[in-house]
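Some structures to go through are shown next.
One chain, chain A, appears in both complexes that follow, with chain B as partner in the first and chain C in the second.
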Partner chain A sequence: MSVHCGSDAVEQLLLALADDEFVASQRYAEWVTVGPTMEEDNVLSSIAQDEMGHARLWYEFLEDDQSLDAIGYNRRPDERRNSVLVETEHTDFADTIVINFLYDTAEQQLLETLCAGAHEAIARRANTILTEEIFHREHAEQWLARLVSTAEGRHRLRNAFERLLPRSADLFSFEPAITNQSAELIGIPFDELRDQWFKTVDETIDSLPIEVSDGALAAAGSPPEHNGRTGGHTADLTQLLDSIHAENLPKDHPASGYHA
Partner chain B sequence: MTDNTMQAFEVFVQWQRGESHKHTITVTASDTKMALSLAKRNVDVRNEPVSIWVMPQNAIGRTTADDATLTPTIDREYRNVSWYAETGGSP
Partner chain C sequence: MHIEENTLSIEDRLANEEIIELGDPLTDEYRDLLCGIIQFTANSEFMGAFTEREWIPRAPSYQRKLALIAKNQDEIGHAQMQYQLAENLGRDREEMLTSLLAGNTGFGNAFHYPADEWIDIGLLAWMLDGAAMQLQHSLMDTSYGPYARIMRRVCREEEFHIRHGEHIIREYATGSRAKRERLQAGVDRWWPRAVMFFGLSDDQSEKSKRMVELGIKPKSNDELRQQYFDTYVPKLRKYDIEIPDENFYYDDAAEKWQYTAPDWEEFNTIVSGNGPKTQQRLDRRRTAFEDTAWVREAMVAYNEDEKASRFTNSGSINTIN
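Take a look at the complex of A and B:
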């Protein structure tokens, strides 16, 4: 199914949102069989499937020239527009929960503005995705509240925030072609959305019994060191994409175009 | 909220409105809220459950498998409804 959505700026924004979902999904999926408990393993797989479904909903707006598989699987790292936050390797379960919290908070805000937007087909899909996002935020909140119940948990959660807050700085740093059209796209400037996101993040961290450094928090609200929104990705994305693309796939396999 | 230990929770799912909750799975969690969250994605959500109950396994009273008081020892077959002829709906 191909859906039309009008302007280039809209398409570029949807591509960034879709790439977020696609890449986040791949990282969640890495927990399959190694989740902290069997039940949590199933939950993370389920969230991974949700995110892949969401990526599909947005990629469908962009599939005029290429198949969905080609858009999702065959694009090189520099062609992707996801935030570097979601491509980051999960080295600890605390990383997963912090990414889950930082990313899904931002996504909720972006989707809510899209829902209020003028484009009906986009608003409808944003609304569909938002319904599933309620559980994703619940998941992050439940775990944040529980990981702090031991000294080890607090230590590991703090480390995850220190590592990941700077990598969330590009969440709202879209290309000028998108930010110049913010009034038409989402009704408010992206900087204002970032401020709302930062406030929520700051308040949540403040409510937890952990000490996150001012430097890490400040980095989240500063211009990004790596900006995935303009294609400036980290080695983590290359590692991720390489890990899902065998070099010896048959030529007619949908994902074989990555190495072509 | 949680004392950082995990325990088993039994999960009961109402699959259809008006039907009783049916025991479906067991999840391991630190507390009731977390057990509910885990249950939400561990039962088959594609079958659209109506509501979910969880309760700590150790809060459920139970009989033993060989509880003699569960089965009468003298023949009471005469009390079974199957001995009455069907009336076809009229009294």
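Take a look at the complex of A and C:
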């Protein structure tokens, strides 16, 4: 990828954010027509559509002479830089809401720093995305409040936090090239941003009538077991990317040939 | 003047070319037939999205994936609006959904078949949504005002879906030999289903006749089918696609298209819940419904808590009583 918007580090950061959006969208789209209510089907498919559009916004900004399919569709798992949190398969609605909450809280913070940044073209895009992401976060918060209204809801939500907090540890664990330049890129060190994120997450969980273990919370703030930001993904991402590349497509489709 | 109008029977009001509105007195027959077609079109939107969802992960390019998600989001929205319309007429949402899942209310014949190839998704959007569009377009003139207004919005969005389908068709029609062959094979599969979509001929369908008389269905099954041929035959020819019916031609004397009578036995088997994919899709949806029951229970509990706390917060009500 050639230098196009300042530095390689900027491009690497934006690519990671784009991959987050792309992978998150694909997972949300798995909820189309199987959500708890028709209203929620509508919202989840709308979020999936937003995220796929946001990812395109970044990919197109970065693509230069590559096609959208080459950069967005056909990169292999080890080339992807999304957080392992968003690649996690979520078929329990409690998992969906917890990922929605943890990821969109982080994303909102990252976008806000980009909006305040010096690079105008990036700030403009970040701002466009942010206006929609705010609704995504509200969606998560509304559901957290609703789901704790029954014992089963509290139980499932607690399990979801236990399972997913450790997988959110890589949200701000970018490669050294990016981290070293955080002052120029986003104005503050990523560690500080992570602390802000952790405080919000901790306070939100604290406000809910559920007991999440200290271990799970601590794991969210510790070095990640799998770090998607450096290409260390879980089997979930391989499964997700494999599902994109249907093997019975005619050979001249962009998504064909991935398995070759 | 207004009061006098309301005392007229529905037939008289229709003869005066009046539009029926929410809250007007309805006969049981009118309400039942109206709710029947609304549930059919709502179910079809929903099951259409349900059929296409399998291809969202596998869509063969980024732009196609984005278009397919957008399309499905629209369809869910259309279904939701139409179920709401039936709710306003006294139907219960949960009952409508369970009756769909139990196979007691129908949905478009196309969504009972497999969509194993990407070209099936293209043809569903172009040829089958195109068939549904003839019906939807005619419903913009239905005698029930709220339904007509929703159909105006639905048709506006469906235009985009059909265009998305046509892009796929054009890609195949102008593509490699392998693609052109897959396209023709796809049309061979879907053409008879599109012809059947409109239902039995008018002389065989008492219900359809009655719906036309009550202005619920402004056009008859056969009229819509002929209109579909008028629109799609030139399109198919433009893309060099053969119509897989050797008895198909325009009869100048009769001023209509002649075609091989559809296999109504197959049609009845399919729409009564015995299509190749009917039960598998309904099963999947039933599982989803059961798996998410706890979410709906939490919603109910939350709404009750909210109501209770509103009541306590406005405590004066208690003291007055």
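Definition applied: the second predicted complex is superposed on the first by the 253 of 260 C-alpha atoms of A that agree within 3 Å, B and C clash if a C-alpha of one lies under 4 Å from a C-alpha of the other, contacts with A are read in each partner's own complex, and residues count from 1 in each chain.
Keep in mind that, in the parts below, a contact is a pair of C-beta atoms (placed from the backbone, for glycine too) under 8 Å apart; a residue touches a chain by one contact, two chains touch by 3 or more.
Please read these numbers as outputs of a predicted model, since none were measured by experiment.
Asks: Quick one: classify A:146 as touching chain B (first), chain C (second), both or neither.
Replies: A:146 contacts both chain B and chain C.
Asks: After superposition on the shared chain, which partner residues are touched by A:138: those of chain B (first), chain C (second), both, or neither?
Replies: It touches chain B, and chain C stays clear.
Asks: One more residue to check, A:223. First (chain B), second (chain C), both or neither?
Replies: neither
Asks: Quick check for you: in the superposed arrangement, does A:32 touch first (chain B), second (chain C), both or neither?
Replies: After superposing on A, A:32 lies in contact with chain C but is clear of chain B.
Asks: Scan A:209 for contacts with chain B and chain C and give back first, second, both or neither.
Replies: A:209 contacts neither chain B nor chain C.
Asks: By residue count, which of the two partners contacts chain A more extensively, chain B or chain C?
Replies: C
Asks: Considering only the touch criterion stated at the top, classify A:46 as touching first (chain B), second (chain C), both, or neither.
Replies: In the superposition, A:46 contacts both chain B and chain C.
Asks: Output check: A:176 vs chain B and chain C. Expected answer is one of first, second, both, neither. What do you get?
Replies: It touches nothing on chain B or chain C.
Asks: Where does A:156 make contact in the superposed view: on chain B (first), on chain C (second), on both, or on neither?
Replies: Once the two structures are laid over each other on A, A:156 reaches chain C alone.
Asks: Of all the chain A residues, which ones make contact with chain B and with chain C?
Replies: Residues common to the chain A contacts of chain C and of chain B are 37-40, 42, 46, 145-146, 149-150, listed in rising order.
Asks: Spell out the residues on chain C that touch chain A in their complex, using ranges where they run on.
Replies: 46, 49-50, 53, 56-63, 65-66, 69-70, 72-73, 76-77, 79-80, 83, 93, 97, 116-118, 175-176, 178-179, 182, 284-285, 288, 291-292, 294-299, 301-302, 305
Asks: Residues of chain B touching chain A in their complex?
Replies: Its residues touching chain A are 1-4, 6, 27-30, 33-34, 37-38, 40-42, 45.
Asks: If you look only at chain A, which of its residues touch chain C in the complex?
Replies: Residues in contact with chain C: 25-26, 29-30, 32-42, 45-46, 48-49, 52-53, 56, 59, 68-69, 72-73, 91-93, 145-150, 152-153, 156, 240, 243-246, 248-256.
Asks: Residue numbers of chain A touching chain B in their complex, please.
Replies: Residues 37-40, 42-43, 46-47, 135, 138-139, 142, 145-146, 149-150 of chain A touch chain B in their complex.
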